[in-house]
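First the structure, which I've put down as structure tokens, then a few questions once you've had a look.
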Amino acid sequence: MNELLERIVADCAPSASLGHVATYIPELANVDPNKLGIYVSSEDGKQYFAGDHLEPFTMQSVVKPLILLQALMDSGEDAVRTLVGVEATGKPFDAFNYSDQALNSANINPMINTGAIALCTLIHGETYEEKFSRLLDLARKLSDNPELNVDHAVYVSEKKTGNKNRALGYMLTAYGMITDPVEEILDCYFRACSISVNCRDLARIAHIFANHGIHPETQEQMFPAAYAKYVNATLATCGMYDGSGEFALTVGFPAKSGVGGGIMGVIPHRMGIGVFAPALDKHGNSVAGVQALAKLSQILDLSIY
Amino acid sequence: MNELLERIVADCAPSASLGHVATYIPELANVDPNKLGIYVSSEDGKQYFAGDHLEPFTMQSVVKPLILLQALMDSGEDAVRTLVGVEATGKPFDAFNYSDQALNSANINPMINTGAIALCTLIHGETYEEKFSRLLDLARKLSDNPELNVDHAVYVSEKKTGNKNRALGYMLTAYGMITDPVEEILDCYFRACSISVNCRDLARIAHIFANHGIHPETQEQMFPAAYAKYVNATLATCGMYDGSGEFALTVGFPAKSGVGGGIMGVIPHRMGIGVFAPALDKHGNSVAGVQALAKLSQILDLSIY
Amino acid sequence: MNELLERIVADCAPSASLGHVATYIPELANVDPNKLGIYVSSEDGKQYFAGDHLEPFTMQSVVKPLILLQALMDSGEDAVRTLVGVEATGKPFDAFNYSDQALNSANINPMINTGAIALCTLIHGETYEEKFSRLLDLARKLSDNPELNVDHAVYVSEKKTGNKNRALGYMLTAYGMITDPVEEILDCYFRACSISVNCRDLARIAHIFANHGIHPETQEQMFPAAYAKYVNATLATCGMYDGSGEFALTVGFPAKSGVGGGIMGVIPHRMGIGVFAPALDKHGNSVAGVQALAKLSQILDLSIY
Amino acid sequence: MNELLERIVADCAPSASLGHVATYIPELANVDPNKLGIYVSSEDGKQYFAGDHLEPFTMQSVVKPLILLQALMDSGEDAVRTLVGVEATGKPFDAFNYSDQALNSANINPMINTGAIALCTLIHGETYEEKFSRLLDLARKLSDNPELNVDHAVYVSEKKTGNKNRALGYMLTAYGMITDPVEEILDCYFRACSISVNCRDLARIAHIFANHGIHPETQEQMFPAAYAKYVNATLATCGMYDGSGEFALTVGFPAKSGVGGGIMGVIPHRMGIGVFAPALDKHGNSVAGVQALAKLSQILDLSIY
């Protein structure tokens, strides 16, 4: 299996040249576009890996399923559903073009920025610092990595340049969907996006979603199975931005990508996968990462369809 | 199992009152809104059913996966992908609002009318009558029902009132995506939508998609496994109109609905399901049908996520 | 004055190289892009002209004010307003992107294709041939040119390639805004667009609109003054496609352009102007024609603002 | 003439019941919806008025032509045109639905919030307090009213609830169209909207635009004639929100409305008019105010078309 992963890394690394690293957050532009790592946390308890699987990168949108999960755990499904819907939007993840009639929960999903920002308000905590702490704790627990922390330089860069997110935040405020101060909510959101992880961390987190909330070693139920299915279903339809349909065809399992270059793949009942390759396609998905997952899916027959 | 289905039918039939039968095709408005039937074609070769499972209804959009499959079989995946993309649009199935910059394959999928009309041109045949014959033959073979035929009254009604589809057809023509005469293509499409089936027919067809192309009794490979996964993945992300995300959460498997009230459910490796209940929700999906599938999914743990 | 016009023609003709002749109607692609003609029908009864003012070209969208006028004369303002609104759309003249909630009269104006096609149904006549005859008669009377007729080659070309207009026609039908057969309405519309005129014809027609319906020589009231103001106001806000605001700034009077390269300018109480130069800008307006009108407006202080 | 105005006030006041006062800025909800005032500053130097012409109200969007004028005077036409276009958008004044491809100057005009906010950056001044001072000075000079000042309660209310404008501001920032701090720009904008005026003030300002920049009594050229035409043309096509086409038909001259209930009407070469009646129609235009202007226009033949 490690050999298979090595071969896939060797085969897919060159395709990085077809993409570009994200530049809209200046700090993200500084990464080496040719990195490629992969890590599999498997049903048999075994861990497999190849390439730059220990290279750190920031979660960016990969944190969105965790925001959704924490909101579900803290406020319940009804509150989440009232605020944020579940349909794919057919638009980029940071799109503005809500018509005036249509900014409501039905047109937002938890995997676009608008939805993830809104869901931060449903996490418990007196302050947004507390809310973020809960989220970081969740990431640490699910990844079995108590060292997880914010990449401060990325966080600062993100906060400085995140004006599209500010616009989305004030739009949510204008429509009465959120009431807390926008800058505080965004501070929590920017920190969350800036959590530094590696492929192993993503694979471990994904594995628990694949296991419907049960820790693969301790067998502890970390969160309700229903929430795992909620998150997994949402990833299947909306997880790969407006490339989710394409990903369902070519790879075929729930996954979430981030503009940091990471992808977290969830194969229900079987395994969790983390990949990292920072050059992105036009939708914001890792080029070499998607290709590596496609190969792995084909060889191991991982498609759920 | 039949007992379980009977109970589900009894529990879900009343919810028909929350929906309305389709009226935009006058013939469809004449059905009894309180019908509810369900049929399961199962992995063990057994067939289960309850309620109005023998009641005939027209396929309507449920025929779209068959159009996609026939186009794949006749012209191959590349031709299909060049014409029609795979992303959910975030819009109703008969939406017009393509911006002038954006009418291209990337913004069309095979489960919206625009995409299904375009795909008719990729079915082999000298004439559109021949193309339709191939499609009808496919439906007959997959359902093991050589009696399948067009409901002539619905077809005539559809042809007479299908002006939105005419508009979509001429739009495709205007953008150079189709070149055959619009009325001929639409005639094929209207006939396809008017194929009369019952729950058993849908369950049998679905079962072969679930079996990745292999006939459950004869074990014959009716079409390539890759095409089954292509169709199933597309159903998972786009099959239930702009209610596909909701359906993934509450039911959790690939499915296709039609405004005739039918739903075809595909549970990979396990079973095919056909339900029929003509009162529809605002997305065009059968209210009682979705509810019945949700109950069945929960009880039998059918979600793939 | 003729000298002034000669100078303007000489100055503006070279700017034709900044535009392109329309190609979507094949016949229109055959014209010489370097023609430039201008004709002024003035308040003092005098007629001035320069350049290719006798060159024939088809009216195309310049016929829209005549369709609006005939609809007003035949069916009255209330009927017109019920069918077609008066607001600029912010979109190209042949845009499709009506949201499903919003295809109604409020989102259509008489100067976009959708509106002009709809208004053809309000012209009196047993058949669409009769309706078109009334329209042609109106054009002949207002231009004092009984020889005006359809350019048959352009009409045939237009009918053959007019699939976007077919799409718009079926969309109007689908929303119940028109009920007559689409092909018949479009036949009338295509003929109207194909009426062959020259700069003099446009200037004469424009002069009567400028005179609020009164023939400048005979003093006959050809149509109610209120309808002239209706048309002129509509031209001022919507007459130059989605370049109407720009035209108001740089030229400053009601005008209507067509993709044949003609522009009809109306200076209330003062004069009518016809220009022709077939190379178009991105909005579909004659490049050299707009420039010539801008110069003339500045020199003669023709802006109404 | 005063008698005529009295009659119009008496006739039109009851139509206030067809509208509603603006409520999205809480302070605006407190006004008496039945007020109606009108003031005419005429070509003969005479001043006419009737009804509540001395009632104070805040300018709101009526200040937009002054922002445009000050930006033109301070930074020139090229800078203004680079930042903000001139086409009607076909959308409400505070619409968000810019597609991601299309947030650029071509899709913004100076009479929608996005455009007016952007233009504040082109006013000279070290600070936004200084920029606002220049704007207030301009309003005072053009109205011959050195007492003009901000209604502090409205300004505070506006600043507190203006989240849609914050969203628009951050969107402009995200697309690189503005670079100054959003809150500072908005502070200037909110102050400008909160300038308290009466019908006389608006009529006086309008009169100078009608006179192409020349003060009607002193004959001083307050600003270039070209800028007056620029503003007047923009008002004619975009001044009455997405009711500008309707206003051109029924009234027929350049005008600017505000959600405070004021309308400033410019009749080139003839007069300036100010009206006030706070109950608004669905576009945000004063119901009784528009009706009063329509009557006056008809009786005095004020339409420029």
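To keep things simple, chains are lettered A, B, C and D as they appear, and every chain counts its residues starting from 1.
We take it that a residue touches a chain if its C-beta (ideal position, glycine included) is under 8 Å from a C-beta of that chain, and two chains touch if they have at least 3 such contacts.
Keep in mind the model is a prediction, meaning the values are calculated, not measured.
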Numbering shared by both copies at the chain D-chain A contact, with half separating same from different: same
When chain C is superposed on chain D by its C-alpha atoms, the rotation angle in degrees, nearest 5: 180
Centre-to-centre distance between chain B and chain A (centres being mean Cα positions), rounded to whole Å: 32
Computed distance of Cα centres, chain D from chain A, in Å: 46
Between chain B and chain D, centroid-to-centroid distance (C-alpha), Å: 54
Residues of chain D whose C-beta touches two or more other chains: 91, 99
Complex interface listing, chain C residues touching chain B: 91-92, 94-100, 103, 163-164, 166-171, 173-174, 182
Parts of chain A lying in touch with chain B, wherever the complex brings them together: 85-91, 107, 109, 229-230, 232-234, 236-238, 242-246, 248-249, 252, 254, 268, 303-305
